[in-house]
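Read through the structures below before going on.
You will see two complexes here that share chain A, one where it goes with chain B and one where it goes with chain C.
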Partner chain A sequence: MNKIYLSLILFLLTACSYIEEGDRLIYVKPESARRVVLLEDFTGQRCVNCPKGTEVIEQLLQTYGDSAVIAVGIHGGPLGFAGNAKYDGLATESGDKYFTYWGLEYQPVGLVNRHGAVKYTDWAAAVRDELSKSAPLRLDVDAIMDKGQIDIMISAYGTDGDVTGKLQVWLLEDSITAMQLMPGNVINTSYVHNHVLRAPINGLWGDDFAIGEGEQKERVLTFQPDAAWNPEHLSIVAFVYNNSGVLQVTKGTLNQKKYE
Partner chain B sequence: MKNSRLSFFLFLLSVGQFSILNSQFSVGTVSAQNVTVTGSIQSDMLVPQNDERTGALKDEAFLANVYADVLLQSKTVDAGLRFEYLEHPLPGFENDFQGWGVPNFWVKARWGCAELTGGTFYEQFGSGFILRTYEERSLGIDNSLLGGRVVLKPLKGLAVKAFTGVQRHYWKWNKSWMSGADAEIHLNEWIPQMQMSGTRLMLGGSWVNKYEQQEDVYADPTHMYNFPEFVNAWDVRANLNKGPWNLLLEYAQKSQDPSFDNGYNYDKGSAAMFSGSYSKKGLSLLLQVKRSENMSFRSRRSQLGTSSFLNHLPAFTQDQTYALAALYPYATQLADGEWAWQGEAGYNFKRRTVLGGKYGMNVKANYSHVRWQGVTYYQDIDVQLSRKLSKSFKLNLMYMNQRYNKTVIEGEGGMVRSNIFIADGLYQIAPKVKLRTELQYLQTADDQGDWAFGLLELSLAPRWMFTISDMWNNGSTKTHYYLGQITFNIKSHRIQAGYGRTRAGYNCSGGVCRYVPATTGFTLSYNYNF
Partner chain C sequence: MNKILLLTAFLLAPVFAGAQGLEFKYQGEALEDGATVTISAEEDFFGEMSCETNPSDAPQNGLLLKCPPLVGSTVTAELQILSNTLKASSIQWCMGGECTLVGNKTQLEKTFSPGPTVQVLLDATNIIGEGALSAKLTVSLNEQTKTVYIQFVNEDATGINNIELLPSNHNHAIFDLGGCRVVNGSGVEHKAQCSLLNGLKKGLYIVDGKKILRQ
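For the complex of A and B:
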C-alpha cells in the first residue's frame, strides 16, 4: 500500500501537461455589452512592444465595435516621444502627468475603466469582465467644428442611483502618420497612429459632476484645437469617473459646420 | 503618514541603541548554553532633492531600505529570521517592493546524514538553469521558497536534495506549487585510482516541477489559451577536475511553459553550457560557451518585471566594477534566447624578470560576445594591466571596446559602440594612509556621447575613508554627476554619509538589471554585524 501511495505521489509530482497544437485555444463567445468600456493605452513611439498593444485594441474594436469599447492612446512616459527635427512626436505633457500619477512601471500598459494597471495580454479578459457590468448613467456627446472652434454638448441621464465624480472630456485624433519603433529596432516612418490623445478639454482631471437617478443633465464646452490637427480625424471622448473607476464613457466624431 | 515616519525614526534609534549595547557587552557573537547568536543590520537612507538638471524628483522627504537578520545556531538546530522595512523604499524598485514585515523565517535541524529545513530557504541546482533562488538587495530580488527541504548525504560522495513549496513575490506568496529534487555523485570518492591521480569527477541531475492553475488569458477576444498546469524542467551536468584543468558540461530542458515572457509560446525551452579553464604557474585560461532558448521559468506565468523567476542563467559577460565600464551592463535575455561566448587569458609575470620588473606584473585579456538569430546583443574586448611601479605605487590600466544593443536590453536606443580608457593608481603615502586615483574616459558617437570620470579616495586605516568623484557627460547633456562620501568603521559598525547625484541607468548584477531613476540628495548607510 505504501508503494502505491509513493507511486501516486511521484506520478502527481512528475505529471506533465502536454497540450497538442489543436487544443491550445479555447473558443469563448463574445461578451454581450451592457455598458461602454474605456481602455486607456499608455503607449510611446519609442516603445518596441507597443504595436502589440495596438493589435489587441484593433482586435477588440473589430469584435465589439467602438460603441462598446473606446480606446485612447496616451503617449508619454519614459518611452514617449515629444518629437525632434527629424520626426514628429505625439507625447504630451498631459500624457506624462497621467503616466506618473498612475504609478505605471512599463509600457505598453492599460487602464480598463481605471481598475488598476493591466498588461496588454490581459486587456481582452478585463474588457470582457467590464462589459458584463451595468452602468449607473448614460452619456452622449455631440461636437461641431465652426470656424476653428469646437462646440461640445454632453448629455447625461442617471439610470441607477446617485452618481458623484468627475466629468472628463478629451480630444482625440485618428490616422496620424508618424514614426514608431517596431520589434527588431526598426523605425517605421509610415506607421498610422489612431485614437491619439491630443488634449484634455476641461482640465487634466475634469470637472466635478453629480447626477441623480432619472435626472437629465447637459454640459456645454468649447475648445480651440491646434491648427495642425486634422478636423476630419478628430473625435471627442467624454467619461464620468470616481474612486471606484470609470462609470460610463462615450465617444463622438466631429461634425464640421459647412458654409455655402 | 507622519506617525509611520515617527515610528520609523524611533525604530532606527532603538536599532542603534541595541547595536551599541551589543558591541559594548560582547564583540561578535553571544553564546549561552551552546547557542550562538549572530546577525546583521543594514540600512541605506536617502534624503532626496529635486534636481531639474538630472530630472531627479523629491517624491518623499525621506527614503530608506532597512534589513535586520538574526541567526541562532546550535549543534543540531539552527533558526533565523529577517525583518525588512521597505515602506518608503529607495527609488528604482518595483511598486510591489514597498511594504514591511518578516518575509524570511526558518528552522533547520540536522540528524545523522539528514538535514531538514522548514520555513523559507534559498536553493540552487547546478548552475541555476532550472532552479536558483537567491537574495540580491541592490536589485530588490528575493525569490525565496516557503516550504520544506531535505538534504541527505547517506554515503561519502553522494548528496541528494528534495524540496516542495511556494515562491515569494515581494509581500505575498505566488499560488503555484513547486517541487524538485537534485542528486550529485562525486565518483572520485568511490574510485581509488581517481583519488590517486588527483582526478575529481562529479555527475549531477536535477528536476523541478511547477503546478499552476489555469487562468483567463486571451489570444484574441474570442479565444482563450489552454495552459499546461504542470511544467517540468530537468538538468544534467558533469564536472571534471584534474590538476590545473577544470571542465563543466551542463544541459537543461523545460517542457511547454507558455508565459507573458515568451509571448505565450508552447515550445520547449533548453540551455546548454560548456566551461573549461586552466590555471597553473601564473597562467590562467578560460573558455565558456552557452546556448539558451526559451528558458524564462517563473512561478507565475503572467508575471513581468524582475520578480518570480525560478531559474537564473549566468550572464557570460564580465561584471565590471569601474564606473564607465559598467555604464552599459548586459542583462541575460531569458525569454528569447542567446548564444554567449566568453574567453579569458591571464598571465602573472614574476618579479625580477624582464617583463615583470622589480615587483611583477599581471596582464589579463577578456572577450565576451552574445548574439541571437544574427543580431549582436553585446560584445566586449578588454585588456587589463596591473603593475607595481615602486614600493608605494601600483598602477592598473584598462582598455575596453564595447558594443551594447540598447534596444534589445533596454527597449530602445540602437547599438552603442564605445571605447573606454581607465587608469587606476594606488599610492601608499604612509603605513596607514593610502590615496587612490581613478581616471576614466568613454568615447562614443552613440547615445549620450562621451563621458569622463575622476575619483580621489583617501584611506586613513583603520577607521576613515574620504571619497570624491565626478562623472561628466561630455556629449549631449554636459551634466556633472558629482559625489562626496565619508566612511567610518569602528569594530563591527560601518557608517557612510554622502551627498551627490546619481544618473538614471541600470544597476546590474549577474546578468539581472533594474532601472534606477536619477537621484540627488544626502545619503546615509549603516551596517552592523554581530
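For the complex of A and C:
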C-alpha cells in the first residue's frame, strides 16, 4: 500500500514542470478575416460601353455573392450626366472629384480595392486576386432610417497587426430607372441602375481611423438623405483604406433594424 | 495546274477583297478617300447640344467603316484632332468596341479586329457656345489606308464668345445685336428704326461678322 502512495507522489511530482512566468500566457491571434473586395465602377449615362461593365459586375456578384464583392457605381467624369430640366441624371460632384483625383482617362474603368485603374475586361481577374488575400480587420455596418434620418453604426475588429488609414462611409441606391446610352449609341430610357453612389456620408475622403490587433471599435454616424431617394433601396458601404489600398469593406441595407 | 490556280487565287483573295472592301460611308453613301463630313450641333436625347457621328442606332445611320471580309486581320485607326474650339464637356471616340475620352489629347490610336461594318462614334456632348472641331481619321488594313475628315460645328447665335475690342479708327458697317445697322461704312449714319442715339453706346455689336465689345 505504501508503495502505491509513494508511486502516486512520485508521479505527481514528475508530472509538473516549472514554467517561466512570462511563458505562462499564450497569445492566441484573432481568427483571420476574409477580405471583401470593393469594386468602384466609374460609369456614366453617356458612356456607351458602361453597360458592358455592369454586366461584368453582375457576373461577379453571381459568382462570388454580394457579401464577397461590393460594387459601387460612381457616376461622373466627362461621360456622366448630372441631369437637366428635362431628365434626371446620376452624376454627382463627388463622382467628378473621384474621377479627377484618380487620373482616369476612359470609361468604364474601375478600381479594385484601389490598386490602380483596371479596364472592365480585367475586373474579374483583379477581383479573384484580391479575394485570395486576407484582411487585417473585420467590418460590420448596421443602419436604420428614423424620421428621415439615417443612423449608422460601424463596428470594426482588428485581426492582424495595427491598421491606420481612413474610414469611408457611402450611401448607395439601387433600382433607379434612368436613361442610359447603350452600345451602338442606343438610348435606353428604362435602364435600371444599381449600387449608385448617392453621397459620401463622412466627407469625400472619410475620417482618420486606427485599430490594433484584437481591438474592437465602433463609430456612429447620422445622415440626412435626399427625400427623392427611395429608403427601401438605400444601403450603406463602409470601408477602411490607406496608401496600400482598401483593407476591408462591408455593406448593409437600411431596413435591417439590428439595434435600437 | 488547278492546284496552282487555286493557291494563287487563295493568296490573292485578301488583296482583291481588301481593294474592294475598305471604305467609309456616311448616311449610307460611300465617301471618297479624304472626304469631309460636317455635322452641326443638335439637341440630343439628353436635352443638350451635341455633335455625334452616329446620332441613332439605325444600322445605316451615321459614319461607318466598311471592311472586307478578312479573317485574322486587324485594323489600325488613328484619330488626329486638328483643331478644337468646341466647348464640349466631353469628346468620346469609340471604334472596334473600345471608347476613349479625347480630353486634351490630339492623337489617339486603336487596333482591333474588324467586323463587316464598324461604327465610328465620335461624340462631342453638352456643347456650350460657338465653336468647331476638326479631326482626321485614318484607318489602315493590309496596306490600304483610308482617310475621312470630321468637322463638328456649333453656330449657336446666342453664344457670346471671342469678344474683341472695337478699334478707335474703325471704318466698317456696324450692326447691333438686333440686326440694325447703326454705323455705315463711312461714318455715323444711324438708321431711323434703330434706337441708338448720337454715336455708339457701350455694348456688343456685329462688325464684319464678328462680335465686338464697345467699352
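We take it that the second predicted complex is superposed on the first by the 221 of 260 C-alpha atoms of A that agree within 3 Å, B and C clash if a C-alpha of one lies under 4 Å from a C-alpha of the other, contacts with A are read in each partner's own complex, and residues count from 1 in each chain.
Just so we're on the same page, a contact is a pair of C-beta atoms (placed from the backbone, for glycine too) under 8 Å apart; a residue touches a chain by one contact, two chains touch by 3 or more.
Computed from a predicted model, the values in this text were never measured in an experiment.
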On the A-aligned overlay, A:Asn185 touches which partner chain: chain B = first, chain C = second, or both, or neither? both
I'd like to know which partner A:Ala125 touches here: chain B for first, chain C for second, both or neither. first
For A:Val220 in the superposed arrangement: first (chain B), second (chain C), both or neither? neither
Once the structures are superposed on A, label A:Ala228 by its partner contacts, choosing first (chain B), second (chain C), both or neither. neither
In this superposition, which partner touches a larger number of chain A residues, chain B or chain C? B
On the A-aligned overlay, A:Glu105 touches which partner chain: chain B = first, chain C = second, or both, or neither? both
Can A:Ala85 be said to touch chain B (first), chain C (second), both, or neither? second
Looking at A:Cys47, would you say it contacts chain B, chain C, both, or neither? Reply first, second, both or neither. both
Identify the residues of chain A that lie in both the chain B contact region and the chain C contact region. 46-49, 79, 105-106, 184-185
Which stretch or stretches of chain B touch chain A in the complex? 94-95, 179, 207, 209, 216-232, 255-256, 258, 260, 264, 266, 302, 304-305, 375, 405, 407-408, 411-412, 414
Along chain C, where are the residues that touch chain A in the complex? 45-48, 52, 54-57, 62, 89-92, 94, 97-101, 103, 119, 121, 123, 125
Chain A to chain C touching residues, read off their complex: 45-49, 77-79, 81, 84-87, 105-107, 179, 183-187
Spell out the part of chain A that touches chain B in their complex, as residue ranges. 13-19, 21, 23-30, 46-49, 59-60, 62-64, 79, 103, 105-106, 119, 121-122, 124-125, 127-128, 181, 184-185
